[in-house]
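Once you scroll down, you'll see the structures, which are given as structure tokens.
Shared between the two complexes below is chain A, which pairs with chain B and chain C, respectively.
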Partner chain A sequence: MKPLLEIKHWLEYLGGATDQRPRGFPRRGGWLLVALWWALLVCLIAAFCGQSSKFIYIDF
Partner chain B sequence: MIFNTFSYFLLFLLPAAVGFRLLAPKWRAPLLVVSGASFYLFFSLTAVGGVAGALCLGLFLWEAWFSRLYRPGSRWCLAGIAQALLILFIFKYWNFATGLARGADNPWHWAGAFLPLGISFFTFEFIHYAQDRRQNRAEAGGFWEYFAFILFFPTLVAGPIKRYQDFLPALRRPSTDWATDWERGFTRILSGLVKKFAVADLMTAFTVHLNAADVARAERWVLPLWLVAYAVKIYFDFSGYSDIAIGSARLFGLKVKENFDWPYLRTNIAEFWRHWHMSLTRWLMDYVFIPLGGSRVALPRIYLNIIATMFVSGLWHGAGLNFVVWGLWHGCALGIHRWWAHRPGRAGAVPTVAGRAAGWALTFVTVTLGWAWFTMDISTALLFFRRLILG
Partner chain C sequence: MTTPRTFFATLVAALLLIAGVNYTIARLAVNSIPRQVLRHVTQSPADVLLLGNSVMQAGIDEDAFVTGWKEHGSPVKAVNGGLGATGPVEHLLLCRVALQAQPNLRVLVYGCFDSMLTDPTQEDWWRLLGNNAMVFYTEPAVAARHETSTPLGAAAFMALGRIPMFVERGTLWARVERLRRQLGGLGLPPEAVNRFGRVADFQPGVAADDRGFRERFSRLAAERAPLSGAITEMLTLTHARGLKVHVVMMPKPPPQQARYRSPEWQAYVAHLRTLLTVYGADLIDADDWVQEESMFIDSQHLGPKGATEFSQQLGGRLARLPTR
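Moving on, here comes the complex of A and B:
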């Protein structure tokens, strides 16, 4: 169970849902890692954004 | 659209978030009101509702003024709840109700009906404040503070549904840690956009087939796959939306409560609902289930309260019989789970690994089959189940 919880913590940190760094996250060069991670996310957004549809809950 | 547009980020979010942090504290609430009002007008005019939708900004002004009458135990609070429900009924349920009563082609039908932006969500915040003021569970706050609460644009359109008790202290003393807030906030926003674009929207290739014609002629084995795709789509769509809302609020230094916490990994339906659209579940618990008596009544009434609460949840999600059936589907599932969890000899029992695995599978199947009622009208959903079961 513990490895699964660690994975969950990593995913939550990478998704911006928690402020607590997961165990093993590098203490130095944090801003560089953040910049690289943002660049990857922006690339994914750019790659997929052409097909955009409206959010399901907007009309509720 | 809205959250996945440049207009949202460049015209509203960034200027308002920067301004909020730079202005003197006394100007923060008015800034949120002005930015929220501009947001409402802009997106009503360009995306939802048009000029008539934009005029619904008046509802917020009226609510902000009317709320000043609320006192603990006051009947004005009940009047506030009644008017909020009336407004929701007129805009969202009028045609549904008159259609049920007198058929679709009736003289009462409102041909120009439209939904004001975010009406389902802001109505619930209006009701929460009125009821909590009546029961003296919420501080009145100032006019501009309450106005800022109801017009806080990151959560205005589709939640998370906020509580004034959480918002007011944060508004008065927002976080001043720019670096952490902006790093975490932007990470959250980008993650939400990736969820929307790279996962939810991809699923549309499958979910677009959930219509009568395609369901009628599809191979039987593909039907459950389409439904699983919808389960994936709605989770990534709405949790992505919530990520953007929560991340946006973080840029202001305001923390909004979470809306999702890995719901599809839960091992029973009650746990699912405690982790899916959490702000709505909490609202339904506090303003529907508990006022009905909650779990402190005779057993048959408990089941009735559960089903009634999920009936309200279904109706809130949409003015259609399919949404009512979806709510009742979950109400029945929650009732069955309650019976199972409280059956004699069950107290203190710890589920085995196999039991948890079976619980997870059963919960996922129940929720996924339930989405059939959510995404298709009644006749198409019935056709779907007939084809799924009988071929």
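Moving on, here comes the complex of A and C:
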């Protein structure tokens, strides 16, 4: 259970649900990791949100 | 504890990373299909410009068209600017850039089908992607006139058009969709595909019942449906430049041809001819020019052999018509 709790803690911190820094999270420059995380999420959403459209013209 | 300082540092860093992704996408899209077609229509010297959507892209073989023309008239150079999954606004933009770059153009051949000439432009520009997204980078101010109806909409159109992640999202989605289809097809028999993707994707549009088809065109003819704004602008522009315009109703596979012989369709075509006369344009109804179903690769597009035969026939026919 412990690894799962740690992952949960990390995700809560990255998602902004808690201010308590998880174990192993860098003390200095951690903000850059958070920025990278959110930028990655924006890109993933941008890449996958097309599936809700009837997008068939992929070979035109 | 997150301080305002770390929050803003994080925000700025995330925005910079997203800006970097946007830059990369813009670089990757320099050879997208609309840009290739734009280069083709501006850089290949031509007297005859052919425009339309995928039925034109698939249905015209430039060499065969020129050969057919030469058999009945003086030699010409032709450039096919047919671009799949596009509509009149994109065709207007292609026409504008071609007219600016090509001083010798004297004929425009515009391939279309069904009610494409009179369909009003849908004002859901935020849904435009793939090849349609060329409206955001090819004379966007002109496109905004047709795609939006309010100053606020036009401002949003111009602003979002500068964000590659929005404009080129179709490129990303196409990659994801290919992966999804690959995974979804595991363990299943392969689907029929052609150059435009899955053959089945192009069935629903033409599977509409005959009665619905006849009612629709009967109504459009009775209401005297006007030409769409983009078509009107394209015809006005070409007329002013002294080009002869031939509008061609592109060939349909034999099983569909009966509906194009119906009185309702004929009434609609007669109505279109009246509208086009104002611009000195004529309409060639080529619905039944190709009689072999094997010449089509799906329910809408001609295959390479069909395109060669049709293009030669069309070139010959146009060469015999008056050029003014």
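The rule is simple: the second predicted complex is superposed on the first by the 50 of 60 C-alpha atoms of A that agree within 3 Å, B and C clash if a C-alpha of one lies under 4 Å from a C-alpha of the other, contacts with A are read in each partner's own complex, and residues count from 1 in each chain.
Simple rule for what comes next: a contact is a pair of C-beta atoms (placed from the backbone, for glycine too) under 8 Å apart; a residue touches a chain by one contact, two chains touch by 3 or more.
Treat the numbers as computed from the prediction; the structure is a model and nothing was measured.
Engineer: Just chain B (first), just chain C (second), both, or neither: which does A:Val34 touch?
Structural biologist: A:Val34 contacts both chain B and chain C.
Engineer: Mind working out whether A:Ile45 is in touch with chain B, chain C, both or neither, as first, second, both or neither?
Structural biologist: First partner only, chain B.
Engineer: State whether A:Asp19 touches chain B only (first), chain C only (second), both chains, or neither.
Structural biologist: A:Asp19: touches chain B and chain C.
Engineer: Looking at the overlay, what does A:Lys8 touch: chain B (first), chain C (second), both, or neither?
Structural biologist: first
Engineer: Between chain B and chain C, which residues of chain A are contacted by each of them?
Structural biologist: Residues 16, 19, 34, 38, 42, 47-48, 51, 53, 55-60 of chain A touch both chain B and chain C.
Engineer: Mind pulling up the chain B residues that touch chain A in the complex?
Structural biologist: Touching chain A: residues 1-4, 48, 115, 120-121, 157-159, 180, 183-191, 193-194, 196-198, 201-202, 204, 233-234, 237-238, 240-241, 243, 247, 258, 262, 316-318 of chain B.
Engineer: Could you pull out which chain A residues touch chain C in their complex?
Structural biologist: 16, 19, 31-32, 34-36, 38-39, 42-43, 46-48, 50-51, 53, 55-60
Engineer: Within the complex, which stretch of chain C touches chain A?
Structural biologist: My answer: residues 1-2, 6, 9-14, 17-18, 21, 33, 54, 83-85, 127, 129-131, 165, 169-170, 172-178, 180, 195-198, 201.
Engineer: In the complex, go through chain A and note every residue touching chain B.
Structural biologist: 8, 14-17, 19, 34, 37-38, 41-42, 44-45, 47-49, 51-60
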